[in-house]
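Next come the structures, one after another.
Below are two complexes that have subunit A in common, paired first with subunit B and then with subunit C.
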Partner chain A sequence: MAAPPLPPPDPQFVLRGAQSAVHALHFCEGAQGQGRPLLLSGSLRGLVHIWSLQTRRVVATLDGHGGQCVTWLQTLPQGPQLLSQGRDLKLCVWDLAEGRNAVVDSVLLESVGFCRGSVLAGGLQRWMLAVPGRGSDEVQILEMPSKTSVCSLKPEAQARPGMPMCLQLWQADSSPRPLLLAGYEDGSVALWDVSSRKVCSRVACHTEPVMGLDFDSQEARGVSGSAEKTLAVWSLDEQQALQVRGTHVLTNPGIADVKIRPDRRILAAAGWDHRVRVFHWRTMKPLAVLAFHSATVHCVAFAADGLLATGSGDQRISVWSLYPCT
Partner chain B sequence: MDPEVSAVRLTVWEAVHILSSSEDGGRIFCTLGSLKRYLGETENSALPEEQEEFARIHFSTFLRCLVGKLSPDWLELLPDGQMEELWASFFLEGPADQAFLVLMESIEGAASPSFRLMKMARLLARFLSVGRMAAVMEGQCRQQAGPAFPLLQETLLTKVVGLPDLLGNRLQQENLATFFPQNYFPLLGEEVLRVLQVVVDSLRGGLDCSVSFLSQVLGKACIHGRQKEVLGVLVPRLTVLTQGSCLWQRVCWCLVERVPDWAMEAVLKGFVEAAPGPEVLSRLLGNLVTKSKKAQFVMTRKLLFLQYSCTMPMLQSLLGYLAMDSQRRSLLMQALKELLETWGSSSAIRHVPLVQQCYVSKAILICLAHLGEAELRDSQDELLASLMEGVKSRLDSSLPPVRRLGMIVAEVASARIHPEGPPLKFQYEEDELTREMLALAMPQPTADGPSEAGPSFAPVSGETPDRETVDRSGPQVGPEGSDSELDSDDEFVPYDMSVDREQRSSKAPSYVRGCLEALTGSEDWERWEAALRALEGLIFRSPAATQEVSVELAKVLLHLEEKTAVAGFEGLRQRTLVAVTVTDPARVAEYLTAQFYALNYSLRQRMDILDVLTLAAQELSRPGRLGKAPQRGSPDPGSQPGGAVVPAWRAVVEERVRRKTRRFSKGSVGRAPAVGPNEFNSVAGYFFFPLLQHFDRPLVTFDLLGGDQLVLGRLAHTLGALMYLAVNTTVAVPMGKALLEFVWALRFHGDAYVRRGLLSAVSAVLLSVPAERLLADLLDELLEARSWLGDVAEKDPDEDCRLLAVKALLLLEKLRDKLLPLSSP
Partner chain C sequence: MAVFDTPEEAFGVLRPICVQLTKTQTVENVERLQAQLQVVSDSALQELQQYILFPLRFTLKTPGPKREHLIQSVVECITLVLSSTCVKEQELLQELFSELSACLYSPNSQKPAAASEELKLAVIQGLNEKVVVGSRAFADILSENLHSLATSLPRLMNSQDDQGRFSTLSLLLGYLKLLGPKVNFVLNSVAHLQRLSKALIQVLELDVTDIKIVEERHWNSEHLSTSPETSASRPWAQMQRRYFRFFTDERVFLLLRQVCQLLGFYGNLYLLVDHFMELYHESVVYRKQAAMILNELVVGAAGLGVENLHEKHIKTNPEELREIVTSILEEYTSQENWYLVTCLEAEEVGEELTMMRSGLQALASGAHTCQATSPPTFSKPSPTICSMNSNIWQICIQLEGIGHFAHALGIDFRLLLMSALYPVLEKAGDQTLLISQAAISAMMDICQACGYDSLQQLINQNSDYLVNGISLNLRHLSLHPHTPKVLEVMLQNSDASLLPLVADVVQDVLTTLDQFYDKRTTSFVSVLHALLAALEEQSDPPEVDENDTDPGVPPPLPVQIQIATDVMERCIHLMSDKSLKIRLKVLDVLDLCVVVLQSHKNQLLPLAHRAWPSLVHRLTNDDPLAVLRAFKVLRTLGGKCGDFLRSRFCKDVLPKLAGSLVSQAPISARAGPVYFHTLAFKLQLAVLQGLGPLCERLDLGEGDLNKVADACLIYLSAKQPVKLQEAARSFLIHKVKALGY
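Take a look at the complex of A and B:
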């Protein structure tokens, strides 16, 4: 107790060269058999950069969004396929295998919002994609790669939750029914049962739009951040009902993104105040404040080995190694 | 009686004759054996009268004769050391005082390195080891004090206490370990204790005894500075012995009372030092202070006011002792009054060393902890009067430690003396000293006398259950907390999160003028703060723009008030002001120095001006500054006298000055020192001379020679610093001259802080003005300063002043050493 706190950590390294604000980050697990994973970043100017964490240089640059901001990047477990969502109302599917970088497919989106999509890739060839839908408060579920629209999740008329702001598809181990967590503009988080197109539960976590959420399906607990000064932790009970477990007050308002590390031990929240805050996931004890960036931090991502990458409006991506995974 | 008397005399005479003439071992042995019966303790011992006569009249004569015979041959007259054994037995078994005196006498008289000396020394060691010293002292205690023995007692006393010195002198390298003072005096302590035991026993048996010889031995040993050795043995044992026995206590009190006045101080100091606490001290000394004037003087005045060497436990024992008995409490009250008076006297504050002031303050706090509320109320007015006077004069002092002492004592004392009034509360930094002093002010439960044990123990025992419950509830919380965190992840140690502060939203101005507007007109405090934070950087980035508004900026900054709680406001403001001054030195310095003597400034602002001038001068004179900021090389506006003219001659002069000036930095030999003209050169005058102009002209709100001595001290330090920074400049000589005049005018100032400033200014003159010029232009001033420095170095009450004066004198010496070889050929 008496020991002075550790000095604030420094980034392990910093990636420069995105040349515009970084809005999306995603670790791609060594698809090409390399030792270290690749890091994908999407920029405001519509470029997707692929960084080698070995050489810390850009390996490839993908230009598929016509200069519009890339908001979401995701790779699929089967094969080196990359999804990139841009504000040009397109979601591109890239084939990255064997050094290729070509758009193999694309989905036209109908929402101009900032909402990022979500995938659920349980099966081998078929996977499910959730994206904001045509109506301002709708979420569209597609079956890929056939691009068939499965359904559109529209809240009841009197609920008026506003636009969906963030989505997360998941599936409980016990049941095959896919579920969707969606954060809405009014600050509420809703759990959808995709098959029955019904809202199972909805809870008001924030008074401002939910900007990011992440869910720990093993402990049935999730966290969300919004434009206000708090992080909310909520949980799901056996009756599929959401309950707010607690809120954690931050120093400055505005959380752009929240991610739980794959080993479910720590949590990182990207702040509009240029800082990334790291918490202990189970106790929500604050662990570190990463003050490196000089502009809003837009996104955070964890690699499977515990590496943390943060992308910011100052055009830099910083990579941190905190509390090694066990 | 006559025939018997003569019989003893005859025997002794015969024995002496035989001893001196015979070489026959058997015969001598027989003779000595026959004399032995006068010592008693054998089966056919002589009549008591005969024994007494032998002891009184013949014993020492006989012993001297024995000593005279001592030689290697004589001892070998009988085999197996029988002769030596018999010879020694007379010394060890005969009357101890006489044997001791003869031993000492013969050791004194023996030729320096000799067989006899060594033999006698060994015998004396044996004499000590078998406890005969106790017998010597016991003999003196048993004798009814009469007029017949003072001379003998005096001699014995000298010999007993002076034994280690005497033996050390006689034996030199051969000295035995027993006679080392560190061994002998503890032994003496043991022996004194044994005699005391005998005295107590015989008092129990109804026999009268006197301990005054013991008191004298004790006193003399303490005077010799052996308190630690003697009392270190004596006090712990007496502590135990007096615990349950009134008789022992009485004997102990008697022992201390009988100590002669000339030794009282040494003995009492030893007791106070050796006693583990006030209870023990009270048990050992009794009401000594009320009986002996000398003891009272030592305890209530000498150890409190005239000395300050006691450690805190000693002081606590001493004052606790005074507090323990109702008869002594009045003395404690008296002591407190006098202590407060001394503490409050403004002349004492100026003339007494800080250590002693600290000592007196601590003594006051201890006194207060011991005195009860009722007692304090009785003399509330008197105490408060001297306290308040002291607080006032202490807070006026310009030395922070003195002020701090004033604050602590005022807080504690006012709360105790005047509990119903509003509590005084000062802001001071906590450090070792304050914590120690505040701890002293807490009444100590063990320090209370037995009479007050009841009430004082009650609250303590009342408190303990609370504490226990707290303790119990603590661990209860612990397991709960750790239960939930039990499984893992506790090794995640948080990093320092102090950087996580609220973000400022408003944008800082990007131009100097924008900052100026924000600082003057803005009601938007975030913008105001952002402007303040951005200003220093902007000034360095755009010197030209700053020069346009430099004086306005300085004015705004000087008058800036901390309107919102800005962290580090003072530092920010100061740095920014320094930046402005550095950017446009001549005009801003002119403005600032003029404001220093203007009306309507607070002392804080005036001292800020001085600080800023010093820091700016330091920055300007830093070599290599230009290299860092090359854009600053633009020519200064021609407002300065020497600035705009051809720099060629200046370079020449500076080169010359540099060649002939001693360099004090030796560290930078390895790397090339940054070179460049001293920018301070051209503007030093603007910084320096205006500050000297008006110091003796009081304003309505500002009187440097009166109450505002703190600023005067700061001014003296600043002038010294400016002088020092003006090294290698052309203006250094007139500056030095003016500064020495300033120093001369103020040399007898009463405030130590001012004097320190003056002394450092003198040193700065000696360092900065070239030696030749010092000798040529400032000779008279130097001579005057020198005599003053000598005076200060010897007599000043402030330690730092003395030190600074010595340093200045050393500089003068060096200067002379340097000049002498020049002037001699």
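Take a look at the complex of A and C:
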């Protein structure tokens, strides 16, 4: 007799109380001594909720975006500090140390786009920030915390990639030069050398806007999802040329976010079809379809220990413990 | 009752017997001295302490063979003196200590003295608390003694009577108290730990043959209004009365618990919990006892009810204790240990194959315990009853453990509520009386330990944890058939602040209901009823601020209106269910929906329109009980939307009802007493009773009213059964009122 199929996985637990659609998620591993990680969520109505994973309850609510959707959250090691980006065209820097939750600085953004920012935290003192720039196709690079503009990355006139949709700053182990991966409205992904302000390479991955991308710098391999029915896996060769390695066709169109787990074993893709799909990162073999939400899944995030959080238009955040972390 | 208060008086009384004892050392003389001591005041005793101890110590020290009984009575007498006085000189203390220790240990043989357990017990009690603990040589002696007692313990527990067991266990307790943290020397020996645990497991075996346990049923779920008792000073010490196979003396059980608590307090908790957890897993034969022991180990580890004689001993740290408790809790509430078959009713086991299968396994594996436990003199109850009893006790013991754990962790237990509260609440609604009692008492414990004023507050403030469990379990309803019950209890205890949370889970409930229409309708309809009852209680229609609303976009519906709309939608389908019980309940839910929706006519009227045909069917073609409920719904509806109802009622319902009243009248006029039991009679009565208040409420016109009145008039005849006459008269009074006379 054939073994019965494994039952579909269940969330470990579900966080309720965001009170509007969840658009951003980020695990904060907690400063030394604080132990338990926190989960941060950003909502459609502009609030950031800080959840204790120990009690599974909100420990603090941050209101800094005038009721406008919070699209991106990122913590910085110093402080600890939190960056939150909102559709109110503001990027807030929060001080979260010792239970404080005050805005200590903010950056005014010049583009209404949907593009989330990206951070490259080099030294403890200074860090680099990439955000959508003034021109609709531009990316602006700032040095923080001084907010000094480093440069603006504008594609050549004939390229016409449209708006930047998603960004990822990174640095190769071999070179100190900061690099930026950007997914564009026309479905292409480009690699920028920030210092020389030049596009190293650009490749068409999708026929629809790129909604999310993640990059595994050790394998020099990345993945992107778009409004269409495919996930694209691409790689970077030693000449820093991007190349599409393969595409993975999905049942339904629309991927809002993709994330590779820190141990680089699995990949999670947030679907407009209310589902989260999990793949083996090396082989892209589909491992599981997480069916729990009753609306579009807007964002996914992994904790250092492998815990997966997914945020949805149904106002819920589900937390999953899948395939033990290595 | 001291008669002699001054040392002078006391000396006069005690001197002769002390002299006598020094001369002739017999049990009788010791007992006489002991008797005299009872009438001497403590202060006088303190003055004469050394004088009285002299003949006693002299007896211990006299060379030559000693009769054990004499020694024992001497030691008991010394204990009495020491317990009422204070040893002020260091020298005396040391001498006494070594003299008493010698009774436990014979220096020549390098082995524990071959003294009886009673004697050792007397010595231990004499040494206990009054003597400085910490002598190394003494610890070695005790350790040696404990080793040997552990070895013989299983045999002693098996062969002794209750009095003997009491003495042996008292001795064991004494050793543990005196050894303190050094008890680990003994526990670290695998062989000795096994002997010790074997004895405990064996003696704690329950008698599970009592049929009443399975039979006692619990029907009422409105029991959660009680507040936790704060008067109990040692709440962890309370428990349900249980019956053991090998002993009846309650004191033996008390000692066993203390032994386990001391082990938990001084022993290596990880080692002990691992050991007894293994036994818990090993066999259903050990499971209940192992759980009892685990429960007490945790109580002891937290230092509850344990008097620490060893200042240097450090209690288990709270973080570690929490980890240990979490792991035990996980085990207790796991699918295979929490969902055991405890009754054979169809609604419990019949519906779900999965439940049935796991249940049968539990039955099969439980069967042989029972044969071992049945007393041979009585007719053997069926193994099924025994194994169900055994399962009931296992659940009760585990519930009791959860209550203990709460006290052990105190406010820290709040962190465990996310996993503990749901399973406990689930059992609070269990049909077996013993289980629901144990669950409620566990919840009381939790309230007290975590600082909640009432069970309602406990449930209310942790509804997020409950909703999480409910929503995840609804995904696998066949594995968790009691989920709707938990939601129902939660709803009964929730207030308006939980509305968003409730709204969230209601969507899950409705989705699940849509998938399981056939199988689980009863429990879901109960949930819907509890839900609407809660909404009705909380519904203060919020004032809509006209200035604030965008005229183009209709404002979003309030949560409770959205919920009531969704539920009423389902009621339309469920109103024609084949089960009368369900139809009745659905009519009640429908009635509540109408109440909640009264301020939202735009939602209510279309739904009422769709519900109408089925409602008419209930009124004109259903059981009398359903007719009455349907009338009630119409009355409620009539109060909210009379215009909508009036013409439809006069067109669709009134002629049929009036017609049937007219055609039935000659039959009931001729009928004998048997007729009162017929459906026809009950229907006549229901219609006559229902029409009056409804017609009044609907404000019917005179023409329509007269149609009904004509039908009712026939029933005023003296030939009609009295009840029908009364109902008709009552209707006509309503009519008079309706016409405004």
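To be clear about the criterion, the second predicted complex is superposed on the first by the 320 of 326 C-alpha atoms of A that agree within 3 Å, B and C clash if a C-alpha of one lies under 4 Å from a C-alpha of the other, contacts with A are read in each partner's own complex, and residues count from 1 in each chain.
As a convention for this text, a contact is a pair of C-beta atoms (placed from the backbone, for glycine too) under 8 Å apart; a residue touches a chain by one contact, two chains touch by 3 or more.
Remember, it's a predicted structure, so these values are computed and weren't measured experimentally.
When the two structures are aligned on the shared chain, A:17 is found in touch with subunit C, with no touch to subunit B. Within the superposed three-chain model, A:159 lies out of touch with both subunit B and subunit C [touch as defined at top].
In the superposition on chain A, A:57 contacts subunit C only, with no contact to subunit B. Contacts of A:251 after superposition: subunit B is touched, whereas subunit C is not reached. In the superposition on chain A, no contact is made by A:151 with either subunit B or subunit C.
With both complexes superposed, B is the one of subunit B and subunit C in contact with more subunit A residues.
By the touch criterion defined above, A:316 lies against subunit C but remains apart from subunit B after alignment on the C-alpha atoms of chain A. In the overlay built on the shared chain, the residue A:287 is in contact with subunit B alone; subunit C does not reach it.
Of the two partner chains placed by the overlay, neither subunit B nor subunit C lies in contact with A:295. Shared interface residues of subunit A, touching subunit B in one complex and subunit C in the other, are 7. Contacts from subunit C toward subunit A in the complex involve residues 414-415, 418, 464-465, 467-468, 471-472, 475-476, 500-501, 504, 507. Subunit B makes touch with subunit A in their complex at residues 484-485, 488-489, 492-497, 499-503. Remark: subunit A residues 7, 10-11, 13-14, 16-17, 19, 54-57, 294, 315-316 touch subunit C in the complex. Subunit A meets subunit B in the complex at residues 4-9, 251-252, 265-266, 273-275, 277, 280, 282-283, 285-289, 291, 323.
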